[in-house]
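Two complexes follow with chain A in common, the first pairing it with chain B and the second with chain C.
Take a look at the complex of A and B:
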C-alpha cells in the first residue's frame, strides 16, 4: 500500500446524526469470556493491529473504534453470536472483504465486527445446472477459479474480486463489469441462508429456478447491506464459461459517439456483449499516473473518451470476425476514432487493468469523493461536466463506469478532505440526480455515506415501509446501525 | 533495400494454465486459447521498427503448422507485416530441424537480409531453431538479442546479447539470423486502422513438399508430465505458532 497517504480525518457527509445510540450496551469482560467459550480463542480477536485494519474501510475514509473482531467458522457460530449480542443489546457490523465504498462495512462506534472470512467452504456444484452452493465468506475470485475449472463462470466480476466475498456481494447487490450480460444478483441468486438478529436461521437455501410459494424473502436480503441479518450461505446460478472472449479498447471523440456506439453495439453484437465500459480522459490519465506497468494502448494522441467492449461467445473465430467487422464499421461511421483489439490474453488483461485500476489510482491520488449514480444515458455525462465547471481547479473531476447499464461513477479527487469542497458537491449532486429521476446509488449501496440521503431516490412512503421491515427483522436495531436508513427514524 | 523475414509460431496462450493430456503424450491443445508466441511478437516488432526506421523495405511473416496458423499470421499482418507465408504442415508437431530446413528454403526464395526469430517458443522451450537455421544457411547469428542496431552502409548488425554475467555486444555481417530476448522491445497492439489495412494483404499458402523439405520427426517425445504440485500453504494465527511450526514441523529453526 505504499504511496497511499496516511489516514486523513474522519469524514461524514453533512447532516448525518453521528451520535452513538445510547440503548446499545458496551462490551465487558463477561462478553469476551462468552465469545471465547463458543469460538476458538484465535477467532476472538482483540489484537490492536488487526482491529485497526478491520475498523478502517478500503478508502481509509471511515474509521470505527471497535474493540472486538469475531471470526465465526460456521452458521451455528453466527447464530450463537447474534443471539447473544441481541440479548445483551450489543450492536454488530457484518463484514466481508471490507471493500465496500460507502462506509457500510466498518463500525461507526464500538460495534462488534463479525467478519465472515473463516466461512469459506464450497458446499457443492451441480454440474448439470451450474448451481453453486457455498459459504458467504468465499472470495469471489476463488469461486471463479473453482467454477471455471468445471466449465462455468461467476455471473459477476468486479475490480475488488481478489478480496470481496460473495456474502458481501449479495449484501450490497453488487453489479460490476458483466452486469450487462448476466444481469443483477436478484436474477442469479437462487437461495440464501440468513441468520437474523435474534439468532433465528432462515433456511431459504433452495436451488429451484421456479418457486412461487409466498413472499420471496431472499430478495429482501440482496442489497440489505448487513442491516437485516447475516448471510451465511449462498446458492447461485453460474452460467457456462464462454470459450472465447474478445476485447477492444477504443477511443471516442465525444460523449455522443460513446452513446451511439453503445446503441450500434447492442444492434450488431447483441447478446455477445459481456462488458461495455467507458472512461473519460481524466480517468485514464489517473490510472496511467498511479499504476505501475500500465501503458496507454493508444499513445499517439489523447482522446476525450475511451470505451472497453468485451464480447464472449462459444466460437472464437466467429467472435473475432464479428467484433472486427462491427468495429471497422463503427470507425467508418466516425463513432470510433481509434482502437486496438487484444490479440492474446495478456493484452486482454492489460486493457482490463486500465479500467479496473481507476479506483486504485484515485485512492493513491489523495482524497476522493465517490458518487455511484444511475442516470438516463442521454444526460449521464452532463453531471460530470457541470461538476467540473462548478469546482474549477479546486478538484479533479473524473467520470467512468458501466455505460451499458447507465451507471456513472463520478469521482472528485482532491489533495485532502475539505468541508468547503464537500458543500460544493453535496447536495448538488443528489438534487441533480433526483431531478432526472436517477438513483444516488446504482450498485455500491447507501452505507453510512448516504443513509440519510435515501429520500433523493425513494418516496417517503417507501422509506416508511423499509423502516417497518427493519424493525420487524431487527427490533433492537443491533444489525449494522446508522447505515442504509436515516438514523433519526429509529430514535423515537 | 533489404527484406526482413520473421518466423512466428502459434502456441498455447502464455496466460493459459497448461494441462497435460491424460495419456501423457503431449500438452492439451484442443479447446485451448492459442496465440502468437511472445518472443515471436518481439521479433516481429523489431522487424517493423527497422522498416519504419528506413533500413528495410518489407517485412514478411512466415508460420509453419496447421491451418489455424493463418490466424496468427493475421495478427502479424495487423501488427504491420507486409505479407505472410503459411507453410501448411498439417496437424502433427514439427520439430526444430524441420522448421529450420523449411525456413532455409524460404530464405533461399525470398533472399532477406535478416531473419528474425524468437529465442524460443514457450510451448516446447527448444531454443534451437534460430541456431539451426543459421548453421544450415552458414549465416552469422546474434542470439538472445536485447538490442539491435543496423548499419545500412556497412551491412552489419550490432547486437547486444543477454549472457549470464551481463551483456555481450557483437557485430555480425548481413545477411544474418537474430533471435530475440524478452527485453528487446515492447510489441505494439493491433490497431483498427492496421487491422483494416491487413484485410487486403495476402497470405501465401505452400506445403513443405513445395519447398522440397521432407518432414521427419528426428526426435521422439517419450512422455510429458506436469510439475509436482506445490503443497498448499497454511495460515498461522500468531508469531508463537509460526515459531513453533518452523521448529517442530518444518525443522528449519
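Take a look at the complex of A and C:
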C-alpha cells in the first residue's frame, strides 16, 4: 500500500451528514487499565503506527480516529470486551481483514477497534460431510488451502482472499466469484457463534444440514456488517473439491452477445458452470496498464467485451469436452468473436489474474468511485454507457463483474477525488438503479458509504423493521455505529 | 381420508400444557359482518362441514374448534383481515395445504383460519434467469408443471406436492427430496411479500440474486410457521430443468454400508447427485403392505436397507454412464448387495413411489408417532435400533429419510394412540437427540407438537432472542398462537 496517496477524508463531502453520537463515552485511562487486565498487554494496542493502519480502509478513502485497537484471542475475550463497552457506552467497530469497500470496517470517529486477527484457529473439519468449524479471524485463503488438502473447497472465493477473514465475509455476506455455483453464504453457513452487544453469547454453532427448530436467527447476522453483534465462530459447508476445472477466456463484440452467451451457457453447461465473469474493454485495459506480468490472452485485436467461463466437475474428460463443444457452438452462433481454453493450471491462473487484477489496477490509476449494483441483466450494461456519456472526458468509466448473478461493478476512475464529479455520479447512479428495481449494493454492503442510501433499495416499512431489530439487539447503539442504517433513525 | 378414524384430540395428553390465552377476544356477529363487508360472502365460511375439515390436520391428530374460515383473494384482503383481527385481538391461524405434520396449520382453540387457497396466481416467470414470482396459495406440483414447461424445475420436491402450497413450504422451510442438490429454501427464495400482524405489508419481493442492502429480513419468515406474519407472495429461483435423470434402487446389508455408499457417491457422483434416500426393511414392508400397485424392484430376498440414488445432469450419456460405473464400483467394494437402474420413466416413478409411499402406508396402518430428526450421520440409525429394543412388541419402529442431509424420519406405528407408549418414546427421543447435538425437527418444524420442546435443540439465550423477535413483530401474539415457542413465555 506504500506510495499510494491517502485521499483526503471524504466523510462529509461524500454527503454523509452524520455527527458523533454524543451519548457515547470517551475512552479514558481506566478503560485502558480494564482492557489490560482482561487481555494480554500486547493485545491492547495504542501504538500510533498500528492505529493509523487500523483507522484507514483498504481504499484509503475513509479514516477514523480511534485511539485503541483490541485483539481478543477467543470468544470469551470478545464477550468481556463487549460487556464492558456496553456498560460504559463505548462504541466499537468490529474489524476483520479490513478489505471492505464501503467504509464499514474502520471507525468513523473514536470507536474502539476490535480486530479478530488473533482468533484464527480451525476448530474441526468433518471429513465425511465436509463441514468446517473455525474462528472468525481465519483468512479465507488459508481456510481454502486447509480444506483443499482434505478434498473440499470453500464455497466462496474473492479477490481479497489473501487478507479477508471468514468472519468479515459472513458479516458482509460476501458473494464473490463462485456465487453462481455455490450460492450465497445464506446457503452455505450452517452455524454461527455470535457475541451480542451486552456480552451475551448466542450459540447457534450447529453443524446440521437441516434444523427447523424456531426462527433461523443466524441469517440476521449474515450481512449485518457488525451492527448486531460480533461473529466469533463459523460452521460452514465445504463442497467436494471438483477433480477437474476448465477455463475459457472469450471475446464478444457487444453486450447482447454476452447476455446470449450466458443464457446458452446456463442451458448447455448446466450444473458444471462455476463462474461466468465479464469485463468490458476498459476494465481489461486498466489491468494491462497497471498490473505487472499480465498480458491479454487474445491480443489479436481489442474487443469490446471479454468473458471468463469456468466449469468444474468430477470428471475431467467430460468437463473439457463439454466446454470445447460449447465454445464451438457459441462461435458458430456468432456470439463469440475469439476465445481460448486454458491448457494448464498456469494459463488458468493467468486468465483469472486479469479478472481479479481489475480492482488493484483501478486503485493504482488514481481515485476511484466504486458502485456494486444488482441489475436486471437486460439493462445491466446500459448504466455504464449512460455514465460514460454523462461524464465525458472527465473520467474513465469501466464495467465488469459477475454477469451470471446480475452483478455489475461500475467503477469510475479519475486522477483525484472531486466533488463536482461526485455530484454528477450521485444520486444519478442510485436513482437509475432504484428505477429498474435493482440493488445499490449487490455484495459490498452499505457500510458508511451507503447507510443513508438504503431507501433506494428498501421500502420504508422494511427499513423501519430493520431499525427495530437493531434497537432490540443493541439498545445503546454501540455496535459499529453510523453504518448500514441511516444514523438519523437513531437520533432522538 | 374417508374411513380413517379421527384419533382422539391429543393436545393435553401429548404433554402440551397450554390453555386458551384469555387476552384473545371471542368472535362475534359484528366480526362476521365486517369480514363479509371486505370479502366475497362465499369466502367467509361458516359451513360446518368445511370448518371440520379445516380444523383437523392431515394426520387427524390435532383438532381445533374454529368457527370461521376466511379465504382472502389477494394480499390486500390479507392485510385488511389482519389489521382488523389485530385491533380486535382475535387470534388467527394461517393455513396453506394443511399438510403439516406438527399441528402447526390448524387452530388450537377458536383461532380464525386464514386459508390461502384462493391466492393461487402465477405473477411472472423470468425465462432468462429462471425466476418465478407467484402467490402463496399456489400448489407446489402445479408450479412445477408450469416451470417445467419453460425448461426449469422447482428447487424443492416433497411427497405432499399435490396438496401443499408454496407459502406453507416457505413458512415451514420445507426440505424434501432434492435438498441435497438445491439446498434449503434459504438458498432459493429471492424475495417475499409478507403481511405483518398489524396489517403492514413488508415488500421484500425482490428478484435479485444478490442484494446486500441491510438485514436480509426474509430469512426470518422462512421457517417462522406463520407466527411472525403471513407470506402472500414468493419470488424464487428455479434451476434449469436437467435434461437427464437416472435413478438406481439399491440394497445394502447394514447401515455401515449405507454410510460408506453415501461418502463414495458424494466423491464419485459429485455435482450430479440430486437425491440420496434410504429406507430400512420395515419402511419398505409398510409400503408394500398398505399401498396398491407398489412392488419391490429387488424381490430376490429381503434386505436390511434400501437406498435410492438419483442423478440429474444436462447430459444423458454422462449421467447414465457415471451412475452405472458407480454402481459397479460399489458392488465390487461390497457396499451394495443388489441393485437396479430404472430403464424408463415408468420404472423411475415406481422406485420413487416406494419412497414417497411410506408416510401414507404408515397412516393406513394405524396410529403413528412421527419424529423428524437431524443427527450426525454416524449415529443416525442407532436411535431406530434403540427405540426398537425399547418398545419391543408393542410397536413397529421404522426409519427412513434423507440420508444425504443427515435427516432421519423415525416413525413408530401402533394400532392406536396410547399414553403409555408415548411415555416410552418421549422425552427419550428428544433427550437422545439433544445428547448428540442433533435437531428435534429437521424439516417439519415445531408447530404445536414440539413448541415446548425447543430447548432440546436451542440454547436459552437463543430462545430468548426468538421470543423478543416474536413480541416485536406481533405484540398482541395473535399470529398462530401456542406454536413454535413455548406458550408460557408469553404468559404474564
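Just so it is clear, the second predicted complex is superposed on the first by the 480 of 492 C-alpha atoms of A that agree within 3 Å, B and C clash if a C-alpha of one lies under 4 Å from a C-alpha of the other, contacts with A are read in each partner's own complex, and residues count from 1 in each chain.
Operating definition for what follows: contacts are C-beta pairs under 8 Å (C-beta built on N, C-alpha and C of every residue); 3 or more make two chains touch, one makes a residue touch a chain.
This one's a predicted model, so the numbers in the text were calculated from it and none came from an experiment.
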Contacts of A:443 with chain B and chain C, given as first, second, both or neither: second
Per-residue contact with chain A, leading partner among chain C and chain B: C
Touched partner set for A:407, first chain B, second chain C, both or neither: second
Chain B versus chain C as contact partner of A:296, first or second or both or neither: neither
Which of chain B and chain C A:345 touches, first, second, both or neither: first
Touched partner set for A:129, first chain B, second chain C, both or neither: second
Touched partner set for A:336, first chain B, second chain C, both or neither: first
Chain B versus chain C as contact partner of A:208, first or second or both or neither: second
Which of chain B and chain C A:42 touches, first, second, both or neither: first
Residues of chain A that lie at the interface with chain B and also at the interface with chain C: 243
Touch list for chain A against partner chain B, complex: 42, 243-244, 250, 295, 297-298, 316-317, 324, 327-328, 331, 336, 338-347, 349
Footprint of chain A on chain B - complex, ascending: 13-16, 31, 33, 35-36, 38, 71, 75, 78-79, 186, 189-193, 195-196, 237-238
Of chain C, residues touching chain A in the complex: 128-129, 151, 172-173, 175, 179, 183-184, 186-187, 200-204, 206-217, 219-220, 222-224, 228, 240, 242-243, 259, 263, 266-272, 313-315, 318, 322, 374, 377-378, 402, 405-407, 437-446, 450, 454, 456-459, 461-463, 465-466, 468-469, 472-473, 484-485
